[in-house]
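Note sheet for the following structure.
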């Protein structure tokens, strides 16, 4: 890269602008020649002044608690907040198109993992200066769950602030376990034993998710790391990974204690089976509490801590907010982030929809402590792990995750021996990491 | 239009058609049923065929939760505008490829068809940059202009214009008619069925288009129905009763357009131009 | 207004159409018509240049680049990688099967239905409408609906089957690609039927009458009149079916997510994931361009074969 080479972005501008100028030069040349990203910076330097402030948000997270924050923000800065609500894949498509064209929204909510990815690619803004200035006042990082800082950092700079925090736990139908005289399982052996004993008469002891992400509690409990930074190896140690995957496949194919998961794009299968009394135990996060409550208010739902095998562990999840590098007015964006992550807002959102939050002081709130379900999930934060954190720093997380999906489905749906499938995965993914 | 030869074949035809139609229609009726269920019924693991009491309120809820009226208007403007443009441009270009001889005809035709061979998302980012440079993002013209004509329509019209006897054109030329007049007065009346098909399918495609309106709009008020429907999904599950209700609404105009246009492409041969 | 001129052109005694390969201006390229043709084409190609060829050129140029912004020159790397990539090979195979099956299915079923509905049958308007309705909505909705119906544990189909005492199905697990092909045909046969119906309208009744007088039976009439005269429509349907089939995307995106284990990983769905999940626009461009070449070849072959079979009357 010694010779100056036009960036793709510039090329796009030239082709786009050139094409337009060629055909309709007289009346369009004015706007065609002006890439918006470079001119807009100074225009909105100060306070906003009646402009528009664009936020990309998940369509499922449009809480009334946030509407109040937004109204106050609009009032204070004299701007109109344009909340663009999307599903995650659509949000990503939209965002990558923005990045490719050089434009960007002011604040983005992301489902976990994008902050580091976009920090590496230079599309996310480092928040370190803001945190150095305001961190103490807002309680960052001291009041955030410790594991939410590193997953949003790159090269010792913070690029994103955790907004919601969740983890996967064991949900079970208490009445079914009691009727069968089964104790709440704490280890894999307990779980397998319980699942087999609970199976029968149209009921499965357990239900596994079609989504490969749900394989990770098992892998983590067996001490498996997705990516080992020192050795550059995947699924380390391999034999433990094979054991954990085979355990899940056996649950389905050998013991018949769980139905074969059906490929698809949604995560609600096990939840529905649990709600309907057709599965006794599932692994899931707090997002399924609402639908269970809605469809089966009478279900005697139990929430157990994550299982222990080699170790006790589970998957950490939840969304963060970040500011794109090309945001028009980062100061304004930062103020928005500060307002939407206060303890008061967290509490209001929890009261409204039961979402779990990343502040340490949130766990102590009465609304959490008096709700046994929330409290149960909050306990998992101590040992919940963001599985792809190290892998993301390689910049190849997307491709490797696609291959892992094939691995999981191959083992759990198609009953391919885990040893063989892992071997295929390692050779394919190894090539991706090298290339 | 030929009559079925004998009663046995006739009965077989009916049986076959009724079976096939049952397969095509019943799943859609199920969607209609879903749109009238409560949220709990749609989420139930023991699926419900018909709701205990029909929830007509689901349709009202669409309009309460989102500017659904805007979505409908936007979809009508965009799909309608594009369809009109296609009906004007596609037959003209198709006519040239069907009835004119000129150097590079086959090469240009392949080049034309080539435009259908890249997926939209490959075009998407360059188009997005172009629209952004024009300052057109989040406007109706950004949704309409990139789709003013397409190779599908031109190819369709070429195929339907090709069988028209050349003598018709010769005769008109001898009468001294201009090329545009020949096109408008001789060619177009002959291909009304194809025009009806073109209008119908263009409208259906554009009415259901998702990716480009997703990227080219940036305010909720500018969304079209398919993009707007994405609002009725939560992070981890679909609000099926609302999605189904929205899908039913999405159906209404396309079915109406079909009922309107089918008169042209399925009427009896005795009424058509070639007699 | 066309009536007086047309009566003269329908050859009354033509039991079979005359094979002729000459256009109206075959003898010489009349300059006036050439200019007229280019004049008509100019606005169209200006539009396609701006909205299609520029983006295609952009795609080709990115296919030689790599990085999150596709801004680092990479030579042929993306192409050599494509040929070594097992996932790409898999999705290409899946897609060719899908494309061939949906093309043949759409033609055979669509033509059969069109022939049936071109008869004088009571209620044929209702039948036509019923067959076309699945096509009037989007792939996304069709996908969601069928995913919901076919789910082995939660779908309405298995509930009905077990209520009737019949064995239940797990097609999405056992025959995922066939299921996705089936859902696609469910959606698209009405569309091919309509195209064939419109094509059948263009065949003059006189040919059939003349053939019947000559003693031709229904099968002979079908092979000697219907099929040859329907050739332009058939060519159109098959070219479009191949183009659409090899670029199908929504089915995998919505119904199966490409699974289980890549068995329904349609090519363009795979490329979309390369572009927007892995954010490798350079590699995605190379993969798109390779498919582009494959489709061009398919189409040119079809047009060649089609031209040979084309008849004019």
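The chains carry the letters A, B and C, assigned in the order they are written, with residues numbered from 1 in each.
FYI, a residue touches a chain if its C-beta (ideal position, glycine included) is under 8 Å from a C-beta of that chain, and two chains touch if they have at least 3 such contacts.
Here the structure is a predicted model, which is why all the values come from computation and not from measurement.
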Contacts common to chain A and chain C (chain labels): B
Most contacted chain pair (by C-beta pair count): B-C
Whole-Å separation of chain centres (CA-atom averages), chain A against chain B: 37
Computed distance of Cα centres, chain C from chain B, in Å: 15
Of all residues in chain A, the ones touching two or more other chains: 12, 15-16, 19-20, 93, 100, 266, 272-273, 278
Numbers and ranges of chain C residues touching at least 2 other chains: 50, 54, 58, 153-154, 275-276, 281
Residues of chain B whose C-beta touches two or more other chains: 45-46, 121, 125-126, 130, 238
Complex contact set, residues of chain B against chain A: 39-40, 43-46, 121, 124-126, 128-130, 132-135, 211, 214-215, 218-220, 230-238
In the complex, chain C residues that touch chain A: 46, 49-50, 54, 57-58, 61-62, 65, 68-73, 81, 84, 86-87, 147, 151-154, 170, 172-173, 176, 253-262, 264, 273-281
Chain A residues touching chain B - in the complex, by the definition given at the top: 12-13, 15-17, 19-20, 28, 31-32, 34-36, 54, 58-61, 82-88, 90, 93-94, 97, 100-103, 266-268, 271-273, 275-276, 278, 287-288, 291, 294-295
In the complex, chain B residues that touch chain C: 1-5, 10, 13-14, 16-17, 20-21, 23-25, 27-28, 30-31, 34, 45-47, 49, 89, 92-93, 95-96, 99-103, 108, 110, 112-119, 121-123, 125-127, 130, 145-146, 148-149, 151-152, 154-156, 159-160, 162-163, 165-172, 179, 185-186, 189-190, 193-194, 196-197, 200-201, 204, 208, 210, 226, 238, 240, 243, 247, 250-251, 254-255, 258-259, 262, 265-267, 269-270, 272-275
Chain A residues touching chain C - in the complex, by the definition given at the top: 1, 5, 7-9, 11-12, 15-16, 19-20, 23, 89, 92-93, 96, 99-100, 117, 120-123, 210, 259-260, 262-266, 269, 272-273, 278, 395-396, 398-399, 401-403, 405-407, 409-410, 413-414, 416, 428, 431, 435
